[in-house]
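Below are two complexes that have chain A in common, paired first with chain B and then with chain C.
Let's turn to the complex of A and B:
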């Protein structure tokens, strides 16, 4: 035995000898390359069951690294769950589904390039996914140019199905105007007439703020003030301390770490005692609850999905989805988080695609128009494919309308307060397809 | 004697010209033989290469590390977007003009304040300026589109009175190649002129350069503006290729990547940062295909290995090997 590990014979022969020689560098590189190559030669699990049947190639762009990595990995779980389920139940039209994953690093330029790669090189038949709205918007022209269906998984920006809508893009979940229509009667009728809105000061926050101002006023209430807080502000206390005056409720439009910072500041400065606190459901995602503890108690939020098994989500379909999602999420996060709306919407987006492919007899990209026509106006019922509830993909703008849940936080858990049927969330279409 | 200029040419100059001709020929042929994805990718490498080259004017030749190139690049992109969205039909040359004016104004503003500082203080001030522009673009949604940026249609390729046609991937590649080549030759000529030699002198010994009578600040301002204009031109080309502008390009991490291009390729060589950009982008693309989000680990290790084993960058290493 020698004193230093670097002087051991195995270490000297493997790597350490005081300098790196070209021979050693090449030996290590080729070993790594061989290991990688061997791993790539292992056939995909669905190959054996489907023999020579040509798979449907579904591409999914997600931010698996960079600022949005945590959400992107969660969203990917939803797509993977749906694809695994499809392959386990005989595929689609007897063909397996091959999922091709690309990481866009939370950057629009990389997203655009990866979208090109999926479309041109991997020759995907359709795309499902997308997390950050700016990347979704940057990639939409790629799908349009190459004529393939793009099923959005998370992107919330209103313009995706309004001013920048595309015949090739579908959003199979809700958006801010529909949520505002759904929750505003509750806010004005049961919580108070006068509201102050605090929001993340960028495109999503601003457009969501405008939707809520319009609907609160339409329902007989008033928005007496607004406070914009820059995205990524670590200490929100200076902004929150300026929120004062005569109003009944404070409505927050935040997500991720910003939501945690904002809620902490609101609680610490005593605003939750003075005013009713409500906001976008993203403020109280299950992943935030341990960090917020008592601070989020009594919060009223609106969301398309809450991870509870209470009515009306006490169905066997939802329990199955819930249990599978918890197991899948535990693989990427050992703390075992509960599923959130990102898992749900990606799971259901992939299932929409599956149903559209079945209904249209879609064979490949040459049948994209048939697939679009099958998806346009498609109505689906609550079931294993759609555990969140019934849905309708509106033909005019490719925007889905779904039921919404108004919930509160009690004992650090979600509790459904009211369910808004999808018929009461409808917003007139504002899209003209080119 | 007509043969005199040729006789003055040194073997290395002849080698350089042959090398440049071969590389240009290969780049011109690339879109004709490569599959569609790689056609686009090579065009993008040219654009990022121009951005890397622009920063080399400051980092490599003047000894000023800039973290503000994302602002010049982004303003070039938003300037082009402004022209393409407001002028109907979208005009290629007007997009270039707007982009250069946007980047030039910002470069003049940054240069005026930042060149009063040196070393790390200069680097930090450029970073602060780029972040100021980022926040303005990110929050001024009505004008800049905020986080979502701006999308627009591609202008037609018009050659000043010779008619116009839609860009194809091949013609776009040739157009970008022509612009990048002309920019490279122009920058090279400027850096070989007495002006360029003063910049190198500032890099080597600023106090002595000042002592012999040069107005250092003026030279630095011109260097920042020249660098900013070239970065803005890269932004214009990116906007034309991708038909969108986003605030992410103004964020300082883009400047950080540009510094990495310089370190990888070899600073103070012009071609080195270009090679660094190509190497980095190809490596990132290749690794991310097999390792998805884990690609950053080997990429980081390779970067560290280059810094340790090839401190003069890839081009410096190549030069040394060729000289042996």
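Let's turn to the complex of A and C:
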């Protein structure tokens, strides 16, 4: 009897003893491959219910690791909720939906490669998702080249539906110019004339900054300065401490962990006492509120979705979505956050695709043009598929217009201050499809 | 003038936190020749452990201590299972191994704690007026505390029995072994100390911007710059380089945008590698 179990004769061949032999490597590899193969042979839950019906293959590219992983995880929850719901209610046109998930690691080059893989190897019928605007922009040519519909789930960069618009890409939620049109009268009329804008220095932040500068000026206000901060900056104090001068309000354009860093810095350095603090709603998503605590009190934001059950979001459709989303989010986050706009827009984007497929009788990629024609100009009403409210996908640029919520944070909770109807958010199309 | 003083304080605060991160990294490199790409992720895990302990106990200092101990134990586990078998191999092997560990730790944090940002409250409340800003005392306290921890590490290495073992092993591991120093144990202990330093930095930095699974990335990159500029494996050099690079970035931010100021540290890195590859803060080799 030896002292260590690793020295027993039966263990000697399996335990790593400092030397990796070809035999051990092959044995372990084949065991792992067998286990993986067995798991893959078990049919997906939807297969049993739909028999031999060929599934619609929907691909979704999300940042499940890297800088934007936190938002990507909640965005994926939205897509999964919609796909599970579609399969539970008989699929689409009697066919199940198979969701193929790909992680682009928050990097545009990886995103482009994964998009190619989804399209060429996995042979998806359509795509829904995308989170970081630079990745959405990098992947759009892939969908265009292979002629399949790309339903954007989160990306807000203005150019996606303006100067870089594509016949194959749809954005079924708002964008910065519409948000700027909606909130600027409130900013200038009720908070102050002079503004300083701080923004994340990449595609989305820059295009959003430009939209707000234009609208604040149009409403009689002025932007006296701007500060760009690189994506992923851990400590924003050196940037924030340079913001000074005579202005009324500080407008922030940040999301995710960057939003938490920025808000912490402006609060810690006393800027929230000197200036009114407002910004894009992504600064105050429910996943950030516990970390920000008192620092975000009184913040004024604009967002397409706020997780409250107050009017006009006190509908049975929204309650249903809200409860399902809370349960789904609890599975990926033990702290149990409330749903955010990423869950909402991905859920509704997938439902837009579902409606388009139904309406066009879409069979596969060969019917992409039929699907595009069905989606162009599509108007949907508030309901279980669209709990956020009515929507319209404009034919000219594939941009949706929806109602917006101006909200504040009170007691670490969202409170709706004003609802802007979608008719008051519309901006003229600026897209020419090639 | 106001801007110069504000940026000097910002540079010193950032420099001291960076020095804490870099000291662990350089200690590990100096003794094991391992470029630890997972160092920033140990910082991140330390911050998560600290946030969890803080939520349960409400005591920041206990959270700081617990995070350092837990991550030191994790460091021991990582060193024994992943890095010890690779000692003496091609440096690329250890780079790939630590990069793999980094990805695993990030995924684990996302799975364990979810995507929500976690909070670590400041243990030192209050602000003081610094020209047009209200500067938090906590930032100043962080710099002082980081200085104390680094000082304690220096004293330990200089005068402690085991510190002398570490220095001896760093200078010549074969001779150290011949003198009866248990070199493998010293390697493990150094990795544990480096990990604990990273964890403590994570907890100290937590109140600055919340705790997320990607918070270590920015530190890893900057820590590598200062370790190269300060001289690979040179503790004093890395500390001086941290403060030098942070102040340089802060002053550069006065004339260009802070986003462009970061370029200054890369310029220093390139110049160091070109003209003084052994590091700026080590004596010229005779």
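Convention: the second predicted complex is superposed on the first by the 417 of 434 C-alpha atoms of A that agree within 3 Å, B and C clash if a C-alpha of one lies under 4 Å from a C-alpha of the other, contacts with A are read in each partner's own complex, and residues count from 1 in each chain.
By definition in this document, contacts are C-beta pairs under 8 Å (C-beta built on N, C-alpha and C of every residue); 3 or more make two chains touch, one makes a residue touch a chain.
This structure is a prediction, so every number in the text was calculated from the model and none was measured.
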### Query
After the chain A overlay, clash or fit between chain B and chain C?
clash
### Message
Under the stated touch criterion, which partner chain does A:293 make contact with: chain B (first), chain C (second), both, or neither?
### Response
second
### Task
Please determine whether it is chain B or chain C that touches the greater number of chain A residues.
C
### Task
With the two complexes superposed on chain A, say which partner A:230 touches: chain B (first), chain C (second), both, or neither.
both
### Query
Looking at the overlay, does A:244 come into contact with chain B only (first), chain C only (second), both, or neither?
second
#### Entry: Touching partner for A:65 - first (chain B), second (chain C), both, neither
both
### Task
For A:113, decide between first (touching chain B), second (touching chain C), both and neither.
first
### Query
Touch check for A:203: first (chain B), second (chain C), both, or neither?
first
### Query
What is the contact status of A:397 with respect to chain B (first) and chain C (second): first, second, both, or neither?
neither
### Message
Between chain B and chain C, whom does A:157 touch in the aligned arrangement: first, second, both, or neither?
### Response
first
### Task
In the overlay, answer first, second, both or neither for which of chain B and chain C A:334 touches.
second
### Task
Check each of 73-81, 109-117, 145-153 or 217-225 in chain B against chain C and return the one that clashes.
109-117
### Message
So chain A touches chain B in one structure and chain C in the other; where do those two contact lists coincide?
### Response
65, 69, 73, 201, 228, 230
### Task
Name, in rising order, each residue of chain B that touches chain A in their complex.
35-37, 40-41, 44, 135, 138-139, 141, 145-149, 151, 238, 242-244, 246-249, 285, 288, 290, 292-293, 295-296, 309
### Task
State the interface residues of chain C toward chain A in the complex, per the touch definition above.
3, 6-7, 10-11, 13-14, 85, 103, 106-107, 110, 113-119, 121, 127, 132-136, 138-139, 205, 207-215, 217-219, 249-250, 253, 257-259, 261-262
### Task
Would you tell me which residues of chain A are touching chain C in their complex?
18, 65-67, 69-71, 73-74, 201, 227-230, 232-239, 241-242, 244, 256-257, 260-261, 264-265, 268-271, 273, 287-288, 290-293, 332-335, 337
#### Entry: Residue ranges of chain A in contact with chain B within the complex
20, 36, 40, 64-65, 69, 73, 101-103, 105, 107-109, 112-113, 116-117, 120-121, 133-134, 137-138, 141, 157, 159, 164, 201-204, 206, 228, 230-231
